[in-house]
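Chain IDs A, B and C follow the sequence of writing; residue 1 opens each chain.
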């Protein structure tokens, strides 16, 4: 594995999940692997969970970590080739990225979508520019369309918790007050489609995700029907993809509550955090044993550690 | 010791001071104690001295340190149970704190008072929420009402410097241009009351501290009388506690100058820094050998190291 | 070497360059030198390259690093002796610096010029106050007038790349849209004057640098004439020194393009980065093998490492 930007980069998803579970059982077993290797983390957007879990994962492998808060340092990067830089951007990615690449052994970047231009966000031009110009192994800390470290943590959590039978997993849209990227939902669908589960996606009209990521998942607009017999319910808001970046609906009946779980198979409930309580998901669920959100958050460390381990071993 | 939020958490104050002095003599003697243990530092407010000294203390014990600047990352936490989170807060402490707890072995939080509601500040609701929901050993990096790492450093400095006789220690209010929390003053009184000293607190009318913390200390409104025969003078501003958070007085005659020290017993002068020169304390004192402010600042490292050592050993 | 603020602090420039090249060949050979030593980095201004390269250099020597972003933490320092601090500054350098000095073994500070008062900037009052009051070995991370870590990296790059004959090095002014400090240009001239090269400085009228730094370098106002036969061209903008801090000229014919290189001796082109593409320097040069900018950036690590190594060994 040379880069980790999507499930498509992973040669063997089950092996990566097993690796993560082995690291969870024994986090310090490979402390010499990262000795004298430096992980460079670039945040073009805020981050707390990803920042902490990736840093801890790297330290558990013995790596040094260097963090650049490019959002707050006002490091305005130019991505356009041929630009005459007499405006607000102060450094071109073609100059900045190779420097990062020469200072660090692995590069991680967080670059959210602008939610203004679907074409630009779908092109992942920022992530692609970093990968091309750093020339080093790359780990996505969430890109415009995907959040694979979250999805790997979700897959680890599903694997740890799954029943004996082939489980039914429902990804349900939930209300939110702000326009939210599609990355977590896209990425969850993409990964879960590789697991031996039945995936159903449910959302109001106008909220269809990019089928490139949801693939074979069944779409069901009736949330109650979708939830019938579910073993896992993944709750997430996203803005419209067709009317790109827009909020079309804030219908609070879509907020997941205990009542919604009545027809499920005692479903466990997942969310990537941060969660808007009593807007996306009710207190009663989050405070109950049905919630897996803390297990997911904890597995972020082992997801990152498994990915960094493979990048260290293969590069 | 499971938490360090106040002198009341310390089973043996003298033993903790001795521990700190032993670490000062030999800072790297326990470098294996913190191996593979992570200290998570959360700053809801700015910090320089506390941040640096705690980080150095942890590194001297071999710990990893992860810092979250929650103030600048705009990580708006919700503390109200049952809140419908459709406003500015993006994550509930009930979800955020357990994640911190699962990532780190010891948690430190800095949470200043709002100085708007005395009841809310006195309840220490922010600190209590972190302690309850992280479930990990906790070290206060200054809370709404107390700053025990500063007070321990002050106690170490007093111990190193004290004369043979039972010393007289005077905590004197000083002017300032902004409304300042009570934490350093409260905490100093609370700790010094555990040492074998005579404590006198002096301040203008309207500036009485919470007697919960000053305890048996004598209060004397005449500053000159209070200072007579003092061996140590601790200079500090605080806002009014009765007219909560207000500035009632900026009388510059309360600024400590060389003239104020004439009737003392060649008193050594203390301040927690940062100090407003020539507003709280005169240049002539700060530049003279009477000043202990640098010794106090240096002892912050060993105060933090002694506390972290005990938290590592007992948890 | 007790401090590294200028080439004048370096007892043997060639030995320091050789040290850096040896570290580049074997970066982890001295990992025990920095064990239990702490480098404190204070940024009064933004930094990415200097921050990263210095941190990596220190880690490769086994040091701990602590970083203070004083610019963003709103740590408003007072530098005036005797000031009555009833305004915006919250801590005097006479109190803050000794604390840094007691916490760290080596101090590095970045302090840009204000570009308002030439006398104040030339006095380097901020850097001098840090050096005087920390009392510890000091490494400049760029000061008001000089940027010696950049210049050492430039000298390393020149040494690695120089032809057999005594090379001609041309420092050429380039246009920019903002008023830029003189530090990189001053410092480059000061260092290159110590190497066995011919240095020519070219700039429009009104842009003469402080002769204290350019020394024996020949000044040639005709850029084309200056470039004739050049082996190396160093491109850099600076604001006027005589009409201090002003932009007198934005003449785009001064932007270095392939056409400017025709009469050179297949010159290699240098720039300290960040570079405004197609304002200071053309894309065609930056994307061509003539460009040395990535080599310079990479050598920042070994420049910092050689300096830190000598400071650790001699203090």
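Here, contacts are C-beta pairs under 8 Å (C-beta built on N, C-alpha and C of every residue); 3 or more make two chains touch, one makes a residue touch a chain.
No experiment lies behind these values; they were computed from the predicted model shown.
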Practice item. Fit chain A to chain C on CA atoms, both being copies of the same sequence, and give the resulting rotation angle in degrees, nearest 5. Key: 120
Practice item. Specify, for the interface formed by the sequence copies chain B and chain C, whether it is same or different in terms of residue numbers shared by both sides, with half as the dividing line. Key: different
Revision key, fill the gap. Taking each chain's mean CA coordinate, chain B and chain C are separated, in whole Å, by 40
Check your understanding: Out of chain A, which residues touch more than one other chain, so two or more?
Key -> 72
Check your understanding: Which bits of chain C are touching chain A when the two form their complex?
Key -> 27-28, 46, 48-49, 52-53, 55-56, 59-60, 72, 177, 273-279, 283, 286-287, 293-294, 297-298, 301
Point to revise | chain C to chain B touching residues, read off their complex | key: 36, 38, 40, 64, 66, 68, 70, 72-75, 78, 81-86, 90-92, 94-96, 98-100, 102-103
